[in-house]
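Structure in structure tokens, see below.
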């Protein structure tokens, strides 16, 4: 393989987002006729790398060559012209347009005033759907299509545009085994035609079944590239995690007390079903599962952001109804949301204001803000959590992701919560700051707070949690005590049971 | 059975039913409302609104709004009117009467393009930009005309004839022009690539560039078309009413057009709307306008009725779609 | 640097103003209903010519829209400019009371020209109207009667329901129809309002024709209304069945008269209003005219003018009638 | 952004350096407004020698004071991420309701109370459509603006309704030589300035406008805050409407017509960020004066009103471009 000219030659690719390096100095060659897996933990940089190839992001550093010629993939349009298609993790579609239109829209050869060949378009769309073996009426609107069907349309679109490099970013997550099988069949056929496929997945079994070579990312660096046969699962996991699990252990073992949060039969139709669990004082309960399993929705329901339809919530043994976050806060709950940029920070407002946002009564008991009190509270928090900043008055958007997250945590600590819900608290945070977070979470539990930790990072769950709950497709599938917790056990519960692994 | 059901479930069917019920209700009190003559009156009330509504519809489908069309109408009508008024002698070559039509369309297109450029280059919300140009273009109309009206005597009789003479069936040209524009809009929106891209942009603005759609260019095109159609409506205003006044011509026109478009089922959330629905919305508005004086309802209630109709259409749109909320803040991306 | 220049300019401007104030000609301003209204071009012409002849300064200003309050800042500004005479065509019979009082308190002569503060006459010094508005109704009825042979259904298409002058004329029309046996066979079936908007006037006219198929004549005592009514009649081709008349501008009606859609309509000379206003104002300021009911004065081209009740002055005794024969003699 | 700094070898930067204090204080949209205001005063003085007269400027400000008061509240609405285009129509409707009631014999205090209540009700309808039905405020308030003014027209028709003599003349009441409406405007500005800048309610307005989702997650009741703001706009608009009634002495449906453009313009000129989250009462306060200076400067110089339309429209566009530019440069 090495003697052929690589389809893509990436050299020194790096990317910086808002002062955080998410990708550093990646060299990679991709050859025609191979299926190449990108592996790594969440935030390891594999999706960023894929998006740079597809023109979604521009690299901060580095060069790309296509068939030996240097290229600049400045936009998705350019990527498409160069024959590169990215199938997004979350399907991108135009809900008001028909399935067939979604398939062909944005083809590079489009002229503005050329006619839309409805009949051919529909015919081709049907052919592609038949090829994939799915039954979707191609004349219907995208709106209302299931995620799996939308994903299929995405894949069909890549096939329709006849790309030389097809990047699939976790395409199989919402698919049924039959669909996965069909997809793999098609992928192999495309490879045999000489195309290159990048396959991003968390599922080692799938990678092993499908891919020829694998590249492993960790913390924004490329760690290794090798033929899949040369690596054992243990090798791959070691390369992905990169350091012994022990490093994460929280040192302080805390005293576990009585129940602080009890959830019984929580249901929101179509999102999650019959979720029941208890978090005790001083206990860290993990909530694992695949993205989209309903974990965040459960947290949002408990906190009153999007209340559940039925089920009960007890806080400190008392049954409560929470219809709005303000009620949850009054009951001593706190929630660090997953999407920090949207639901966490007030980007353009000062760090000080961001920290004091949840405690209006403390900084303004009479309605008028006492700046001195606010400043003291904020300074105290900055010191305690060692938030690194230039000034309390600077907009929080100027801080790095880790320090933003610390400020959000500081906001909640000011409310002195008895129950803390942390949703992916370390996502997009530099590794050094991550360790600080683990220490803090441990200390919080030690001080008698109940903690519900939602995370997609298995090592994080394994290291921190006293118990790990797992959700899959909206249902609770496991409650694993610390002693029995392994990556395999969690994954086993997280992957829908009806699903086998395609061979 | 299913086909019938899907037709009945469409928004257009709802508006059609509303039109029929409304006409029957008015007809019950005033039988002369159900005559062909009345149809002619209604049709003659609507062409300007229909033409501008086609442009506004595209703008709204693309998730913007154009409040300046009334002023664009006034400005382009004024430019053409001045052409007639001064009847400039181009080296002994008489200016033919129809020159005003392409001129007015071109002037409107330029003003629309300016709207689009301001919106796209500076990433500003269309509503505020066009609120500004609404005032700006109106002021320019006064300035170029020196605040003088173009009187009936200056407007060529051939141009006025467009609103009166008929090629066939006693239906004046102006109505054919309006329906012709609607037909072109239909072909453009449904059978050209860029037409579909307009829907795509409105349907999911963040995804559009990822799919290779040149959002800036398409948006500019949409505003240019909206301006050009307002310009066409401008010259037809001169034809229909026989004068161009710097203050009255086109003033308040935008509200009628937006009302018609929203009633026609074009969603303010973008991505949704059909030419047929818009045409029906315009006709419904025309029926209401024609019925009020017939029923002896004072003209002073007309504005209140328009306002109520817009709000009701909004609520219906909301209940029909029950989809995400796209306020000002979502458009900012 | 920029600031300095500005300050210098400012000082220069003030000095200039001071010098200018030393020997002022009389400053007259006329505030129209709105800009772009062709009717006022003619009035303004009268003001301008008279001021040229008499050696006073004249300016015309008007707001962009004709809503009730839009003239207020303009009146305030004229007070501030220290004009001697404000002529105004008021957009509201009462919303201007306060600011006009302010003007008069500063010694400014306030004249309403072509429209009055009906019911609030005490807030202006005098009004200059083209004709005695009491006769308009009668003349208009006579006009439509002569066109339809004094028999059949007629209707009125007016401006807004609360336009004071219009309503005065409509009252006059109703009384004439009721009291004068000459018009006994004429039947007023409807009075409708087109709000001085072409679209609305047109739909009202169309509705009249639908509701009253036997309609013989329409009086539209408003320039917008008569043009809209004529256009409806023209496009329906029923000029022989329905006679449209009223008050209109020759410039707007010329086509309709020439193609026979409209046989005759009336108006007055707006030009003379401006002409008269300047002569009257200068006379009052230099003391040669007493602004009292009953006193008389001479105006070139117009002859002897009498000040009527309510300090109301008219430029002509009768309305001018425009027909195909004479319409080309008028250039407004 | 910070590409000029040396790239850190392993981890990202913790925070960008803080901006110097002088920049925080001076590089902001309000500074632009202030500079424009000073330039406007000089330009006005150059345009007309009658302009630089403090009592004239104060008197002129009373003509805009009602809009300016509403613009202050509107600023808060825009900061909260919504917009309300209906307050000018609200002014007309509540003033019409008030005037109609007092004419029907209802005692003035009761009529005022009902007028204010109707303003609240209009605010509540806006709030219901925007918050309850989750419709975009910009379109909703275009609809309600048509509806409210239409209803005013239904109530008052085309006529103007007089208010009793003693009720007339709020602008003639002087407090230390300053007309009462101006004093009220300053007081409202002070109060709202303190509320927005000093209270937790004001703080939360900014937070809701910056990110409603984040605000909800922090336990801030965004819906409640917006409801209060819409109600407040309704109440202040009704107050402004009744103040206008007192200033004019009569009420017509077209009271405050087109005022929404002026109000939005004041907020935008004052540096309020159209997408929410940023802006100050001080900015709108300065912008109101700027607008009055510019408008009256042009009127007193007898500049064609059309030029004013052009200047206003251009100012609106330029001010949002400038505001967006300043914010994008100073805050990341």
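Labels A, B, C and D are assigned to the chains in the order they are written; within every chain, residues are numbered from 1.
Criterion: a residue touches a chain if its C-beta (ideal position, glycine included) is under 8 Å from a C-beta of that chain, and two chains touch if they have at least 3 such contacts.
As the structure is a prediction and not an experimental result, all values here were calculated from the model.
Asks: Chains in contact with chain C and with chain D: which ones?
Replies: Touching chain C as well as chain D, we find B.
Asks: Counting only C-alpha atoms to place each centre, which chain is farthest from chain C?
Replies: A
Asks: Which two chains have the most C-beta pairs in contact?
Replies: That would be the chain pair B-D.
Asks: Nearest whole angstrom, what separates the Cα centre of chain A from the Cα centre of chain C?
Replies: That pair's centroid distance is 74 Å.
Asks: Give, as an integer number of Å, the spacing between the C-alpha centres of chain D and chain A.
Replies: Chain centres of chain A and chain D, defined by C-alpha means, are spaced 43 Å apart.
Asks: Averaged over CA atoms, how far is the centre of chain B from the centre of chain C? Could you give it in whole Å?
Replies: 34
Asks: Need the CA-centroid distance for the pair chain B / chain D, whole Å please.
Replies: Here the centre of chain D sits 30 Å away from the centre of chain B.
Asks: Give me the residue numbers in chain B that touch at least two other chains, ranges are fine.
Replies: Answer for chain B, listing residues that touch two or more other chains: 138-139, 142, 147, 246, 298, 300, 302.
Asks: List, in ascending order, every residue of chain C touching at least 2 other chains.
Replies: In chain C, 35, 62, 64-65, 161, 193, 195 touch at least two other chains.
Asks: Give me the residue numbers in chain A that touch at least two other chains, ranges are fine.
Replies: Residues of chain A touching two or more partner chains: there are none.
Asks: Going by the touch definition at the top, which pairs of chains touch each other?
Replies: Per the contact definition above, the touching pairs are A-B, A-D, B-C, B-D, C-D.
Asks: Where on chain D does chain A make contact in their complex?
Replies: Residues in contact with chain A: 1-2, 7-8, 11-19, 24, 198-201, 203-204, 206-207, 210-211, 213-221, 277-278, 327, 331-332.
Asks: Can you list the residues on chain D that touch chain B in the complex?
Replies: 81-83, 129, 133-140, 142-151, 153-154, 157-158, 212, 253, 261, 264, 268, 274-276, 304-314, 316-317, 320-321, 324
Asks: With touch defined as at the start, can you tell me which chain C residues reach chain D in the complex?
Replies: Of all residues in chain C, those touching chain D are 3, 6-7, 9-10, 13-14, 16-18, 20, 35, 59, 61-65, 67-69, 72-74, 76-77, 80-82, 92-95, 97-98, 160-163, 193, 195.
Asks: Tell me, which parts of chain B touch chain D in their complex?
Replies: Contact set of chain B toward chain D: 65, 118, 122-125, 127-129, 131-143, 147, 246, 255, 258-259, 262, 268-269, 298, 300-308, 310-311, 314-315, 318, 325-329, 332.
Asks: Name, in rising order, each residue of chain C that touches chain B in their complex.
Replies: Residue list for chain C touching chain B: 34-38, 41, 62, 64-66, 161, 192-195, 197-200, 203-204, 206-207, 210-211, 227-228, 231, 234-235, 249, 251-255.
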